[in-house]
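Order of writing sets the chain letters: A, B, C, D and E. Residues in each chain are counted from 1.
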Amino acid sequence: MRSTKLEVRELSKVFRTVEGREILALKDINLEVLDGELLCILGSSGCGKSTLLRIVAGLEQPSAGDVLINGRPLTGPGPDRGMVFQEHLLFPWRTVRQNVEYGLEVKGGPKTARAQECLSMVGLENSSEQYPKELSGGMKQRVGIARALANDPAILLMDEPFASVDAQTRSDLQAMLLTIWWGTRKTILFVTHSVEEAVYLADRVILMGSGSGHIIDTVSVDLPRPRYRVSPEFNDVRRDILKRLGFLTGE
Amino acid sequence: LDKIRIGYMPILPSAHEFIAAEKGWYRELGVPVEEIRFSSGPPIVQAFAAGQVDVAYFGIGPALVSVAKGIKAKVVASGVTEQLAVIAVNSFADQYQKEPNRKAFLQFAKAKGRPLKIATFPPGSTPNVMLRYWLDKLHVDPVKDVEILSMGASGVRLAVLSQKVDATMILEPIITIIRHSPIPYRIVVYGKQILPGQPGSILFVRQSIIDERPDIVEKLVHMHLKATKILVEKRDEAAGIISRKIGPEALPVKVARESLDSKALHWVANPHAIVDGTMTYNRFQVKLGTFKKGVDPKDLFDFRFYDRVIKAHPEYKGY
Amino acid sequence: MKGNPVLGISRLGRTVVQCTSVAGFLGLWEGLVWLGLFPPYLLPAPTAVATTFVDQIGNGNIPRLLGYSLRHYALGLIWGVSLGVLLGLCMAWSRQLELVLDPIIALLRPIPPLAWIPFAIIWFGITTQAAAFLISLGAFYITLYSTYGGVKGIDWRLVDVARTLGDQSNWGIIRRIVIPAALPAILTGIRTSLGQGWMTVVAAEMFGIQGIGLKMLEAAGLLSMDVVMAYMAVIGLVYFGIDHTFRTVEDRLLRWR
Amino acid sequence: MKGNPVLGISRLGRTVVQCTSVAGFLGLWEGLVWLGLFPPYLLPAPTAVATTFVDQIGNGNIPRLLGYSLRHYALGLIWGVSLGVLLGLCMAWSRQLELVLDPIIALLRPIPPLAWIPFAIIWFGITTQAAAFLISLGAFYITLYSTYGGVKGIDWRLVDVARTLGDQSNWGIIRRIVIPAALPAILTGIRTSLGQGWMTVVAAEMFGIQGIGLKMLEAAGLLSMDVVMAYMAVIGLVYFGIDHTFRTVEDRLLRWR
Amino acid sequence: MRSTKLEVRELSKVFRTVEGREILALKDINLEVLDGELLCILGSSGCGKSTLLRIVAGLEQPSAGDVLINGRPLTGPGPDRGMVFQEHLLFPWRTVRQNVEYGLEVKGGPKTARAQECLSMVGLENSSEQYPKELSGGMKQRVGIARALANDPAILLMDEPFASVDAQTRSDLQAMLLTIWWGTRKTILFVTHSVEEAVYLADRVILMGSGSGHIIDTVSVDLPRPRYRVSPEFNDVRRDILKRLGFLTGE
């Protein structure tokens, strides 16, 4: 049996706005992620998906509850967790290679070979000297993934990484991600608000309620890979999830 | 004391400095000399206050300002007296010749629809004070009856030569330069008609130098007298030096030579000779409100050096 | 997540710290003068400056001289800004005009306004016009290029939108699309001109034109540095007021941003 | 679809039009002088200015005086820019420092650099330092606020990214994220300082400090307006060169934009 | 039988880049749109969809061929055709109401009542005094539609109007569009690159080849409305279109 890589226990997060109002972004979240699992977190806008990921990344302090990694509590951001952002957030003044080298530079030691290796994984070995502005949206996301991979983190946190690219590119990136996941066996937390994307990628899908900041359901996706988006089985899972999310009540 | 900084202006009252520099007399002082050029008296006062100038050739006006503001320095010799003149556009000069009083100003203002514009050095400078003294004597209101514009030497020349002002109270060589230009301006009054014995430029030395190196000050006063003699007796030679120093394009030798003959120049080195005039001048400054109270001659003059040099070199007596 | 981490400090706390800071600065300065480290003609005490300031208002000098200066300023700005905005619009709109005028303006622009002082005097004399000319030069270049850049940089797709909505004439498009879209840039240009123009006023007056600048220089010649500083305070306060007022107007005009 | 519709005009065509335009302008000006409408001291002919320009280079005046002016300029900029950038970074980074310093600087900033002329002279005399002081004042405020604004306005999410990549120390983040991200704003501040500084040099020198500015004023006093204009050309050319060079450097440093 | 509203005949468009290269954006396009038809144009990025719409709007000149409206050739942009853009392109300095009033203002005459009417159609009657920056992405698109409707154009040209809003908002907007279309019986040319969107909305779908700038196929969608996205019939049409586009050849 696979071990637990990441555990979230009774996690809550309250934000205080400048006017002093309190926003409950997460409420009593409990979650266990197995080593090597590809977990999708699905929910509509504002349900707290990003907040959860930022807490796991160590960028935000929880208001209550714990996050354990390999059973040890979290202390802050660290190179054991890599994060990929929706807005790509590349460093625009660095070339593709220099972006990927960032984490290695901070750590010290050799960097070029490892950067080149990560760029190959995302199929960008030939664009290493370009600046982010010269890349298409899809390429930028690839660099973001390579940059997160460079530190060889055990956990990859991905916050709607493919939300702002067009449909074709999106499906290419999804396929690429699966290949990388297969090759490296990383634990991946993948946030999305596309049901189709979650069903295509995930071992398990966590459904978050809209606006309430808690987990309403968990769905295991047992379809064999590679999955086929227009197959009836795929459509069944998609329909099941939409129903659990409350979208198909009118039917 | 590692060097002496001397401030001067590109006008004739600084001629002693030009001669001393050109003739290489400063080498006798035993310390290096740095010459600094200014466009009018007030900036020298500021530089003096800033401690950037040790010895200055400027007017009695700035000297009084400095001493009144508590700067420790003394007048050790006089330079020129009665060196000023008022130059004005012919129409005003004619009017003034007929009626040398306030009416001339009012007539001009009526004809032109605006008061007479007079350019001169900034407040605190000798020309500015003497202009006001003149107007005061004539009961002319310096705010309503005329417009006084203050600026540096270049500004006055530019304003007068391009005929943007109607008159100026100014000193040599600008007087001669203006008389040489084709513009329809001429002299209205000379300084001596305004205030007989009016003190003009002086040699001003920082007290710390007087205290530490009286020998240098004595040498400076000696040079000053030697230069005075040349200015009076060897005007051709002096004109060459002055023209070179001010800049031949600004002051051709011919004009320099002519300005040395000007009626607006009286080379007087004896500081005793200007004490009375200075006090009159100072009382007027108090009246103007520049100072709250007058300056004590004891705080302003140091006659020792002049007296000592004259004793040792009687040939300079009379300058 | 914009701005760096905010210390937990209240609005009141801020004001207190700010006042303390200014008070400390003035106190230190006053102390230095009291200790007699500097003669008052090198560094007048803040209290002396304050007294002089009140005196100069009382005797009417400040209102009178400020009146002159503001006149120079207003005249110069009105001319410079109107010409700059107008020509900027025309140059950005008409390619021909741009080709002809741009090289001439590019030739003259690197000469800073204050370098024109000799010509200002010789052309206009020691007058309001001379000061206004210098100020308008600076304002002209600044607003010309900011307007030009603003118009060139507008989202030209909005013009397409206007055309699909039936707006066909040049003047309609300029009035309804180009000017409002370029307004932020134009206003920035005007604001910059306000700053540079004020500096030019003070400097130009130092060449003999009645106003605050000349008064400062005259006072400096008399070593009355307290007067100089009182007028520096006037300059600072007036500029602060002008800038603040303009920013309020700007925020109001651009509240859609 | 950016920029307004381009006339079908080639690169060569552009150059020809531009040259014609400048030539026409100069020709018109020369013609006006030839017609004798203006005495040469009101408007010297371009040819006269060109001759004088060559003369003044030949007799060594231009190189010598330009040397003085550039010295004032360089010294002032180095001081002003270094202090401005440094303090701007510190104020944007440390909330405490910002609270203490901001009110004092806000108090002094509305006073334009040239209003400090009397104090510059009384503190430093008619010296290089006085000119450098005035120039550095302007550069200081401009770079201080542009750096401060640049740092405040960076995308702080990039700092989050750096932290997830293992960058924890303040100095690491400042060096690797804050400075490069704020560089465009910092460079804009420096470029603005270059312009204002050059204007300040010319103006400051008119108060008696050796250099191009003083020479212009002296020549104006002699009504040698051709000399004045030759030096205006020097000022323009040098500024053009400086600005152009800096823009090249800037483009190079920001080629990632 | 319904009359032909819009006819496109042998339309081609060649762009010349600054370097002088020629780009063939459209090639021999023939198209007939019936009065009141809702026609979707489907194709991937760069196939010339926007160019076609811009030519019909009169914003671009064709290189060859004609566009006829009610049988009369096109002369330029006009208030008989309203256009809605992907990037919404609202006038940011105008309030919602002023945006909608733009076309009426140009025409002259009364405007407030008509603007209010159009805003009601898109459900924004209560936001009329807000500025665009205060609106969400979905609301901005609604204003764009109301603005195009204000002139009461016979033809509505919509260029991927819903491409940049999230999934939930998108389906709301689609439903709203159908309601408006039903109520006003306008002829609508709707560009999209989402197969699902085309199948949900269209009477007929025009498929454009990727990068070639010509029409490869036309599919009539005969499903009754309201259509139901997860129904097997819907999935069939979707699958059919994907196959014709060449996406499912690997199956």
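Before moving on, here are some points about what is shown:
Here is the rule we use: contacts are C-beta pairs under 8 Å (C-beta built on N, C-alpha and C of every residue); 3 or more make two chains touch, one makes a residue touch a chain.
Keep in mind that this is a model prediction, so the values were computed, not measured.
Chains that touch both chain D and chain E are the following: A, C.
Graph distance from chain A to chain B, where chains that touch are one step apart, equals 2. Looking at which two chains touch through the most C-beta pairs, you get C-D. A straight line joining the Cα centres of chain A and chain E is 34 Å long.
In this assembly, the C-alpha centroid of chain B lies 86 Å from the C-alpha centroid of chain E. Taking each chain's centre as the average of its CA atoms, chain A and chain D sit 49 Å apart.
Taking each chain's centre as the average of its CA atoms, chain B and chain D sit 39 Å apart.
Counting partner chains per residue, chain C shows two or more touched chains at residues 41-42, 118, 121-122, 157, 160, 207, 217, 220, 223. Shown for chain E are the residues that touch two or more other chains, of which there are none. Shared contact sites, meaning residues of chain B that touch two or more other chains, fall at 43, 46, 49-50, 155, 158, 162. Checking each pair of chains for touch leaves A-D, A-E, B-C, B-D, C-D, C-E.
Within the complex, the chain B residues that touch chain C are 40-43, 45-46, 49-50, 62, 65-66, 69-71, 117, 119, 122-125, 149-151, 155, 158-159, 162, 164-165, 290. Only residues 155, 157-158, 160-168, 172, 176-177, 180-181, 183, 254-257 of chain D touch chain A when the two sit together in their complex.
The touching residues of chain B, counted against chain D in their complex, run 36-39, 43, 46-47, 49-53, 152-158, 161-162, 247, 249-250. The touching residues of chain D, counted against chain C in their complex, run 1-7, 9, 14, 17-19, 21-22, 25, 41-42, 92-93, 95-96, 99-104, 107-108, 110-119, 121-123, 152, 156-157, 160, 195-196, 198-199, 202-203, 206-207, 213, 216-217, 219-220, 223, 225, 228, 231-232, 235-237, 239-240, 243. Per the touch definition, chain D reaches chain B in the complex via residues 41-42, 118, 121-127, 207-208, 217-218, 220-224.
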